[in-house]
Structures are given as structure tokens and as C-alpha cells.
Amino acid sequence: MRGDLVVMAVALLVWGLLFWYLVRLERRVADLEKR
Amino acid sequence: MSAALGDEGVTVEARALTHRYGHRAVFERLSFSFRGPGIVAVRGPNGSGKSTLLRLLAGLLRPSSGESALTAGGRTIPPRERHRWIGYAAPDLAFYPELTALENLSFAAEARGLSSPAKRGRERLRKVGLEGRENERADALSSGMAQRLRLAFALLDDPPLLLLDEPGSHLDDEGRRSLASWIGDEGSRRLVMIATNDEREGALAGQRVELGSRGVGDPA
Amino acid sequence: MPASGSSSGRAVWAILRKECRSEWRTRYGLNAALLFAVTSLASTSFAVGRMSDRTDVLAALLWVVLLFAALASLAHTFVRETEGHTMTLLRLVATPTSIALGKLLFNLLFLISIELVTVPLFLIFMGAPAPRWGPLLAILGLGSLALGAGATLVAAIIAQTRGRGALFAGVSFPVLLPILAAAVSGTRAQWSGAPVTAELRLLAAYAVALLAASLLLYDHLWEDA
Amino acid sequence: MIARGLLLLWIAGWIVAAFLWAPLVPVLGETTRVLYFHIPAAWVTVLALGWSMVHSLLYLKRRNLEHDHQAAAAAEIGLLFCVVATVSGALWAKAMWGAYWNWDPRETSIFFLLLIYAAYLALRSAIDQPERRARLAAVYSGIAFVSVPFLIFVVPRIYFSLHPDPLINPRGKVDMDPRIRVVFFALLVGFTMLFFWVQSLRVRVARVEHRRQGSVA
């Protein structure tokens, strides 16, 4: 297993998680603004 | 600046003056215009913004919206310079405790660039009945004497506009009587605005600004 | 009403004299600062011992002691005003610029009087080699000017915060860092015989930049005292 | 939502390119990968600081709390990116020179920005009334605005002369292979978009907080 592929996978995973967190956060902010 | 107003006199105006603390509007769209000389009472229940209005007019506070204008000697005075054209006395005006009454006044006079500050300070102390207390430290003064010192400070350079916030507080009977007569004759020479709920002081005024609990002012 | 030009100069002078008189009457600030400077100096020299050969460390230690003595005392002149609620009186008799300049001059005098005591003692305690007095005094002078300008401005801000002086060291540190670095480098150069012009120019530039920024910012310092 | 989807693919795509497509920088070897994230993070730190300072000065001029929300949000996000930049820089330094921290001029500058962010946010936390907090924080930004050039360009140089111990491999301008340069700038753009997105979220939260705080008070 080439080490840098593992690192790449981790980087992509971290980015995916961050992106998902931000999208969810945006939805919560949107309904906070409505209330 | 001569003791009296000079021919142009002085006008103080509020144009849709609004001030909020956080979201609570103390008063909204307050408008009035008074020409000196004369006495104006600023009346209203506690929390209706009497002190806030005086602080705004003194240039100590920036209004949330709207503006106040002061014209004296034929010139409109920008808020930045306003402190030189007004006399202000309020309960929260504190003096330097370690300095004496006279040192406080002569410092104030000197900082304002007035001539012979010490002599002027002595005169004002005598005027408010504090002669003999010149060398007493400010923190040693009783609350009544401290209030007299505030009035002396407000009169330091014969300002065209006098802003007095509850001038009678802490004064004894003699103090109140001399205050009433003193305001009477100052009122003939300059524009005096008094924030008060004290009937006697209110009665002195020829004109009024009524700050209702709703916060909307309507000059009487 | 008096013309604005001359009277703001007189206002600065009146405020400076008032500050000196108040300080002389209470003497609280000067004693605290001198005690602080001498104790930090003594503890440094006790811990480090004589270091006549390591002038690079000496330069750093000198300025750390001076910096902390300044941090311990320069906020006092504004904190005293807000705690005593005398800010309203001050704002009624002088423009924000005169107030700040008056206090800056006082802080400079204060800083110089601390240095008059601390620097000679430092040189003796630490067994420092004889300094080149010309460059050293120039570095001390410009360093103090920049230190005073930066510290006074930050002090005016933190005097209006909840913690009053508590925040002063942390909040002013990034602003004072360039002064510390240039002053240490200059003090080191004067000991090693190198020219100090580069550091002097830097300190002067920073002092001017700080004073220019201050003049623009003073009006926004006090608005709802 | 398309924009966000684009951003997701853009950054993901260039991460893959960074590992599979772009060659390694000769001297740096595998450690090149860190630079793809370290330098954009440092760039966003500086961008956020500039954004915060501009809005602080705008607040002083216009006294509109909207500018204060922008300035505070940019400072918070800037601090986050600054920590990322500092940590990734230290990791890279450990790999390259064997030490996490040796006050290399660039490290010193990033660290000083961290100090300014920390001081600004500490100051904000010590003031309650929104208007006063906005005003005093803006004045502090004004001072920091003057200090930053000295902290970034002057102090590291001076410090460098104070401790001139030779560096094993000074991180000078390396002539980058064109593919590296493309990946590098693409990620730079990606990070910048990310900053503006998170910034807008943080500002919207600040608006809600301000409104909510109003109705409570």
C-alpha cells in the first residue's frame, strides 16, 4: 500500500466530513433565522 | 465670549433624536427647538431618558439616530467642540478625589484655555456658597457640597447653554433656595435646561420637554 | 469661547500637570512601578548572576525588565479615570486628542523616571560592560517613545473593559513586540560596537506610525463613558 | 446549493491531483503535500485579518453593527486557519529540519498573527455592550493594522539577525514544476471560497444572536 494514497484518502475523508458538517450547520442557521 | 449671550443668542435643537440602549429605545424621534435666554424643564418618569438627553446635548454621548444642533454666537457648533460651549452638571459628574475643590476647578478652567483659572475658580466657589472650602480635598466634601461644586464647574466659563441634571439633589433647604434664585437670574442671561422631577425646580421653567414613558417628547 | 489651536496645547499642558500633581499626591503608581522594576531586576540578576560576557542576553533581559515595568504601570493613568468616574469631567474640558496626548506625555515622564533608576541598577547588578552611552540613550529614548505611544493607546482601550488592567499585558503585547525586538537588537549592537542606526530608524518609524494611528483613533475612544 | 456542490468537487478533485498528478518537489520529497494545505491556510489567515481590519475601520466610519459582525466573524475564522497554518508549518518543519519550532522568519510572522487574533478576541470577550465592544475592538484593529507590517516584514528579519544559526535548508522560492503551481493555486482558490462560505455562516449566526439578545434584554 503506497503510504501517500492512505494520506490522500484521509484528506478526502476529512474534507467530506467538514463539508457535510458545514451543510448541516447552514440548514440549522437557516431555520434559526426563520424563528 | 461675553457673560451674556451677545445679540445672536443661542438655540438648541433636536431633530428626530433617537437613542437606544441595546434594543430598548429610551426615546424616539424627539424633536424640539429652544432659543435662549430662558429656562426649560426636562420632565418625565424615571428611565424616560432625561439624563440621556442631557448627555447627548452635552456631546458626551452619540445618538443612535437623528442629531442635535447648538448654535451660539451666530455659529453652529459641531458635536466635537460642543463641550466648550456648554456647562454640564449631573449626579455622576465626579471630581479628582486627591485634588482640592479649587485645584479641580482651576484645572478645568486651565484645560478649557480660560484666563486666570484660579481667580475664576475662587469666584465660582463663592457664587455657590463654597468659599472657605477652597483647599478641602474633593473626597472630603459632603454630598451637598459636592453638588455645589458641580454647579460651580458648570458655570466656569459662562456658557451660553447650561445643562443641569437634578441640580437640587443632596442640597439642604438653604442650598435649594439659593439654587432657585440663582437659576432664576441665570435663566435671564443664558439658556438653562434642567432635568428634574422636583416640582419647585420644574415651576421655574417657562418651557418644558415632556419625556413620556412612551419616550415621545412633545414640548409643552 | 477660546480659539481651538492654542487652547488644545494648553489643555495638554494642563492635563500633564494635573496627572503629575495627582501622581505626586497619591504616589501610588510610581512606588508600585519602581518596586516592580527593581524586584524583577533583582530576581533576574539573582537567577542569572553576572554576565558581563553575554551582552546579547543582557540586552534582552534589560528590555524584558523595562517592558514589564511599563506593563505594570502605564495602564494606571486611564484605569484611575474610569474607576473614579472622572472621565466625564475630563471629556468636558478637553478634546480626546488633548486628553490622550496629555496622558502620553505623563506616561513618557513616568517611563523615563523608571528607567533612570532601573538602567543604572541593571548595569551594576548584572556586571554589564560599560555601554556606549550615546547609542544606548538614543535607543532608550526612542524605545520609550514608541513604548509610551503604544501602551497609552491600548491602556485607553482596556480601561473601558470589564477586567480593567488585567488584559493590558496580553492585548498590548503584539503592539509592543516590534519595539522589544528593535530595542533589544539595538542595545546589543551598541554593546558590540556595531552602528545602531537601523534600529533607531525602525523605532522612530514605528513611533511615528503609532502616533499617526492614535491621532486618527482617539476620537473613537470615549463616546459613552 | 450548486455552488456548494462545485466547491465540494473542486477541493476534492484538487486533493486527488495533488497526490496523483503533481510530481514531488525535488528537495522536499513527500513533504511537498503539506505545503498544499499549509500555504493556503496561511493565505486565508492573512485574508481574514485584512477582511476583519477593513470592516473594523468601516464600522468606525459608519457605525453600522453589520461591519462589526463581519470583523468579528473574520477574526474567529482567521484564528482557526492561523492555528491550522501554524500546526501544519510545525509538522513540516519537523519533517524538514527535525525541529517543530525554530523561529524561522515565516513561522515567527504567522505566530505573531496568532497573537493579534488572540488579543483581539480576548478584548472582545471583556466588553459587554455591543456598541462599545464594536467600537473598542475596531480601535484595536486600527492599532494592529499599524503593527502588522512591522511584525511580518521587520521583526522576523531582526530576529533572524539576532539568531543567525544557519538553517539546514532555507525554504526560499523553489522553482515549482508547472503542475505543482496549478494544484497549489487551485487549492488556494478553494480555501478562499471556503473562507467566504464559513464567514457568511458565522455572520448570519451573529445577526441572529444580536437580534435574540435584543428580545431577551
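Per-chain numbering from 1; labels A, B, C and D assigned in written order.
Definition applied: contacts are C-beta pairs under 8 Å (C-beta built on N, C-alpha and C of every residue); 3 or more make two chains touch, one makes a residue touch a chain.
Bear in mind the structure is a predicted one, so any value in this text is a computation, not a measurement.
Trainee: Between chain pairs B-D and A-D, which one is joined by a greater number of C-beta pairs in contact?
Mentor: So, comparing the two chain pairs, more contacts are at A-D.
Trainee: Can you name the chain whose C-alpha mean lies closest to the mean of all the C-alpha atoms?
Mentor: Centre-most chain by C-alpha means: C.
Trainee: What whole-number Å value describes the gap between the mean CA coordinates of subunit B and subunit D?
Mentor: Subunit B and subunit D have C-alpha centres separated by 50 Å.
Trainee: Centre to centre, by mean C-alpha position, how many angstrom separate subunit A and subunit D?
Mentor: Roughly 19 Å separates the two chain centres.
Trainee: Distance from the CA centroid of subunit C to that of subunit D, rounded to the nearest Å?
Mentor: So the centroids are 31 Å from each other.
Trainee: Where the centres are mean C-alpha positions, what is the separation of subunit B from subunit C, in Å?
Mentor: Distance between chain centres, rounded to whole Å: 37 Å.
Trainee: Residues of subunit B that contact two or more other chains, please.
Mentor: Touching at least two other chains: 62.
Trainee: If a residue has to touch 2 or more other chains to count, which residues of subunit A qualify?
Mentor: Within subunit A, no residue touches at least two other chains.
Trainee: Can you tell me which residues of subunit C touch two or more of the remaining chains?
Mentor: 223-224
Trainee: By the touch definition up top, name every chain pair that qualifies.
Mentor: A-D, B-C, B-D, C-D
Trainee: Under the definition above, what is the set of subunit C residues touching subunit D in their complex?
Mentor: 56, 150, 153-154, 157-158, 160-163, 167, 170-175, 177-178, 181-182, 184-185, 188, 199, 202, 206, 209-210, 212-213, 216-217, 220-221, 223-224
Trainee: Okay, in this complex, where on subunit B does subunit D touch?
Mentor: 21-24, 62
Trainee: What residues on subunit D touch subunit B, complex-wise?
Mentor: 63, 129-130, 213-215, 217
Trainee: What does subunit C use to touch subunit B in their complex?
Mentor: 1-2, 4, 6-7, 10-11, 14-15, 17-18, 21-22, 25-26, 84-86, 88-89, 91-95, 98, 219, 223-225
Trainee: Can you list the subunit A residues touching subunit D in their complex?
Mentor: On the subunit A side, the touching residues are 3-5, 7-8, 11-12, 15-16, 19, 22-23, 25-26, 29, 32-33.
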